[in-house]
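Next up, some structures in structure tokens.
Common to both upcoming complexes is subunit A, partnered first by subunit B, then by subunit C.
And now, the complex of A and B:
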């Protein structure tokens, strides 16, 4: 089975930690991690609740393959009602924390209520207790990790925690684990802070037992690893160049948004690309990229470990930032770089370090700064608001200064912490927020690439590429190439990607495996590990069930078809130049068909028939 | 005539000396097709996964045989890559 069949319920008001059997009937329908935790959330939390109130819950959940020998089987997710969007939030992270939680014997942790003082949860195998964390409150995520390791003197202990931005109320704060890995999006870290949980520290020594059919599992996971090794993307491209290889691709095809999506195409893209990260620099002859890195059990190893040029203005007086640390991934490089117009690779790497150190989502942060830059250039925000910083597009010094302000807190940090939707509303220019359901876009312009626009508009957690990465097909030709500017066939493509992704996110696997694996590679691994019938068909149906369950949560929270929309800029302001010149997103051509094939009403409501078909 | 060639990621190694990062202007025969150019650089079909001329995709096979390059074209080539 590979589920531990046990969850840990933490009542923060009472200070108790209780073991509880996992609901195996639900596990048979929702598998684990994203799916199963969302089921618990849907059953236990009123969707209309205040995301930062005591009624909301925060769940950290592994999948049945987390901690096993399956490649990339180290993932966990944080599930809650998100404060940035008010929608269901599920943020997925790699590193080593998820596997350690499983080794300690737990499928998931459910935090409920609110503690009246800062606490951290200590888990050592079956033993779990809440401890005082007053001395950690006000510390960065990195300091917190160090304090916990110094206290417990166990280098194998894994820590997930929040930094200062979460404590300061930034609505897109992340939960950081293993210092450089983030459950990044939708403000799951902000919810953790609202409950006064500073950290979860876990040490497990029990390994993974109860794999349903160990022989078949070994065969299926070995077969899967062979496919990953032989595939050019997962075997060569991702380890060598990381996700950042996309910077020049997406810019080259006319799909890279720039300067708060005012422009498409960024003249500085090549300076912040994977190719630039590999170039020796003048000062010390070393490249920005030090090495690649892998999460638990991963045979792809796409992670970037980087250094900032020690002579660069951002770090020259700060030796603590001159060592190697978690480097730029594509989405972060875009949001922090192209979207702000900054093409200074060292400045962006430093800002990325700060995002990790103080736990904030670099996509929403970069995009919110970009919106603030547009407000600044329009004269709506002035240096009086920014503490004297000339917040213009392309100004690397200003960006570094504003990020340092953000980490330390203050009046303008409070503004930026609102996210772009609330920020632009506050200053009377709501159309300048590049977001869906309040969450900022990632790095692909939906004017040039139609399907991804439909995915953004319908994503259950607000704008997100990882809910249905149609870029694989529309741009990268995986598994087959579709035309970027066609709308025909895109509703089907979006649905297929969304459902398959929901299943992968519920298994404990990394979505990057799907550049090489189809469901026919994934289902046998789940089927061998878990009791029950996890055929390809059943896996896909479970994915569809999970998608619809999330949609129902949002419906009950008050979301309607009116929230499945894109900002006016992307529907009306045509791309000004480059290979996609003249294009806008044609969401209206795709949305009705999408609702229809989902089995929803023309106004986007899940029908009774669809509920019955999916056992919802 | 002159065209610009851009070879990215692991294909950078195929660029002749004098490149700037992943880009170089090269002299080619008038009337050369896209596939002829790709073969001149010994890039296999599997390696030439994403091919753009002036930012527009040209699919594998016949379209690349038929695409005749003209002065000033920019040809960009990537091996299979992905991210996200």
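And now, the complex of A and C:
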């Protein structure tokens, strides 16, 4: 069955840790991880609650395939009501923490209430306890990880924790695990900080020995691995170049936004691309990219392990940043790079290290800095606000300085920690926030690529590519090519991607497998691992159910069709030049049809019929 | 013909498929903590190193065992632990210069790589061929060949 059938409930006010049976009726409908934890959140948390109040809960959840031999089966998610958006938040991470939690015998952890003082949760198989973390408060995520390993003398212990930005109230703080993997988006780390949880340390030795049909599971996972190995994207492109393989591609087709999305197309894209990361540098003859690295159980291994040029101004006198660590992924390279106009690969790699070290989402951080840069160039923000930093587009030194400020905290760090929506509102220019539901865009311009715009507008956690990656179809032709600038068929495309993704995120698998896998590759793996009937049809229906459940949470939290919108810039300011010149996003052509095929009312409300059809 | 595991750390991505395959073969569970092959991550160097028993001919563990609980699998040459004889004294873990025979709290015995009776599952599961099972006389030859390639005049010209 693959679930451990057990969850750990942690009452932070009382300081208790209690084992509880997993609700298997819900598991049969919502599978695990994103779906099942969102169900628990929906049932247990008032959607109108203050995300940073004691009544919000924070759930860390694995999927049934987490910790198994299924390729990429190592994922876990952090589910809560997000402070950046006020919507349901679900941030997914790889690394090794999720599998370890499963090996310790837990499908998920539910944190409720708030602790008076900083604590960390220690889990050693069945044993779980809260311990004092006063000595870790104020430390970075990297320092916290080191302290826990030094305390417990167990190199196999896995740690998920928050850095200083979460403690300082930055609304897009991440939960970091294994030092450089992140449950990155929507401020799930900020919620963790609000509950005074500094870290979760896990060691599991029980393993997973109860897959439903072991023979069928080994066959299905082996078949899946072969498909990944033979596919050009998952077998060659991602291991060699990582997600950064996209930088030159997306720039080339006129889909790469730059300078707070004022422009499309970035002249410095090549300098911060995968190809640049592989180029030996002059100082020490080494390339930025040291090697590729895998998350738990992943046979793709797209992860970047990088170094900064030791002679670069950012790390010159800082030996602690001269070793290898998690390098630039495409979204981070875009947000930190193209969106701020900075094309200095070493500066971006260093800033990325800092985002990992102090636990913040590089997409929202980069995009918020980009908005601040536009405010600076408009004269609304001045050096008086920035502590003397000339925060202009393209200024690498300024960007590095402002990131260091961000990690240490201070008045301008507090401003940037608001995210672009609140920042631009505060300075009276709300149209300069490139966000949906308060969350910043990733690296694909929806003026050039129509479907992704509809996905951004309707994503349940605010603007996000990982809720329905239609780029696969619209740019890469996976599974079939659709025209970037067409709106016809895009509502159907977006719905299909959103529903399938919800299921993949609930299984314990990585969404990157879907460059090669269809549901016909995924369903047999779930079906062999889990009791119940997980046919392709049932998997897709579960995905649709999960999507609608999230939508209902947001409805109850006060979101309406008015929140399914894109910033004016993307609807009115046509792309100035390049292959997509003259285009804007035509959301209005797609949204009514999208609501209709979702089985929602014309104003975007989930109908009773749809609820019944999906057993909601 | 005797075969050996041949490990190329440069190809390892640290995915731990080998650890899961090993534990599944020996315990029926996906459980890296029960694996007889271990992948070590050297984060700041950006390197991964799978490591397990090399099956010494003159095996220190076998010589050290006071109860003759370690013997040779005649079909593979692997040094194997006889669980019914092992008393869990751990002398072998002290004797082994490489640390590749280990005590298991779960069983109260020592455990080590047994080459899965001639079909090592770690090698079968490795997605990058960082672990292969080759003719014992050929261990290291891939690196010799790589070094030889570097000495070719054309390769030098390209470098």
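One rule holds for everything that comes next: the second predicted complex is superposed on the first by the 616 of 616 C-alpha atoms of A that agree within 3 Å, B and C clash if a C-alpha of one lies under 4 Å from a C-alpha of the other, contacts with A are read in each partner's own complex, and residues count from 1 in each chain.
Basically, contacts are C-beta pairs under 8 Å (C-beta built on N, C-alpha and C of every residue); 3 or more make two chains touch, one makes a residue touch a chain.
Remember, it's a predicted structure, so these values are computed and weren't measured experimentally.
K.L.:
Mind checking subunit B and subunit C on superposed subunit A, clash or fit?
P.N.:
Subunit B/subunit C on subunit A - fit side by side.
K.L.:
Should A:601 be classified as contacting the first partner (subunit B), the second (subunit C), both, or neither?
P.N.:
Neither subunit B nor subunit C is touched by A:601.
K.L.:
Output check: A:295 vs subunit B and subunit C. Expected answer is one of first, second, both, neither. What do you get?
P.N.:
In the superposition, A:295 contacts subunit C only.
K.L.:
By the touch definition at the top of the document, which applies to A:466: first (subunit B), second (subunit C), both, or neither?
P.N.:
Only subunit B is touched by A:466; subunit C is not.
K.L.:
Under the superposition described above, what is the C-alpha centre angle at subunit A formed with subunit B and subunit C, rounded in steps of 10 degrees?
P.N.:
Once the two structures are overlaid, it is 80 degrees.
K.L.:
Based on the superposed arrangement, let me know which partner A:19 touches: subunit B (first), subunit C (second), both, or neither?
P.N.:
Neither: A:19 stays clear of subunit B and subunit C.
K.L.:
Regarding the shared-chain residue A:511, is it in contact with subunit B (first), subunit C (second), both, or neither?
P.N.:
A:511 sits against subunit B, while subunit C stays out of touch.
K.L.:
Is A:283 touching anything from subunit B or subunit C once the two structures are fitted on A? First, second, both or neither.
P.N.:
neither
K.L.:
So, does A:134 touch the first partner subunit B, the second partner subunit C, both, or neither?
P.N.:
Neither: A:134 stays clear of subunit B and subunit C.
K.L.:
Just checking: does A:560 make contact with subunit B only, subunit C only, both, or neither of them? Give me first, second, both or neither.
P.N.:
neither
K.L.:
Aligned on chain A, what is the least Cα gap between subunit B and subunit C? Give it in whole Å.
P.N.:
In the combined three-chain model, subunit B comes within 12 Å of subunit C at the C-alpha level.
K.L.:
Applying the document's contact rule, which stretches of subunit B touch subunit A when the two form their complex?
P.N.:
By the definition above, subunit B touches subunit A via 6, 8-10, 12, 21-22, 46, 49-50, 52, 54-57, 59, 76, 78-84.
K.L.:
Report the residues of subunit A in contact with subunit C in the complex, numbered from low to high.
P.N.:
Subunit A reaches subunit C through residues 67-69, 71, 96, 99, 103, 156, 179, 204-209, 214, 225, 229, 239, 290-299, 301, 305-307, 323-325.
K.L.:
What does subunit C use to touch subunit A in their complex?
P.N.:
Residue positions touching the partner: 13-17, 20-21, 23-24, 27-34, 43-48, 106, 125, 127-128.
K.L.:
Could you pull out which subunit A residues touch subunit B in their complex?
P.N.:
Of all residues in subunit A, those touching subunit B are 231-233, 236-238, 240-246, 248-249, 252-254, 270, 274-276, 279, 302, 329-331, 465-466, 469, 471-472, 475-478, 481, 511-512, 515, 578-580.
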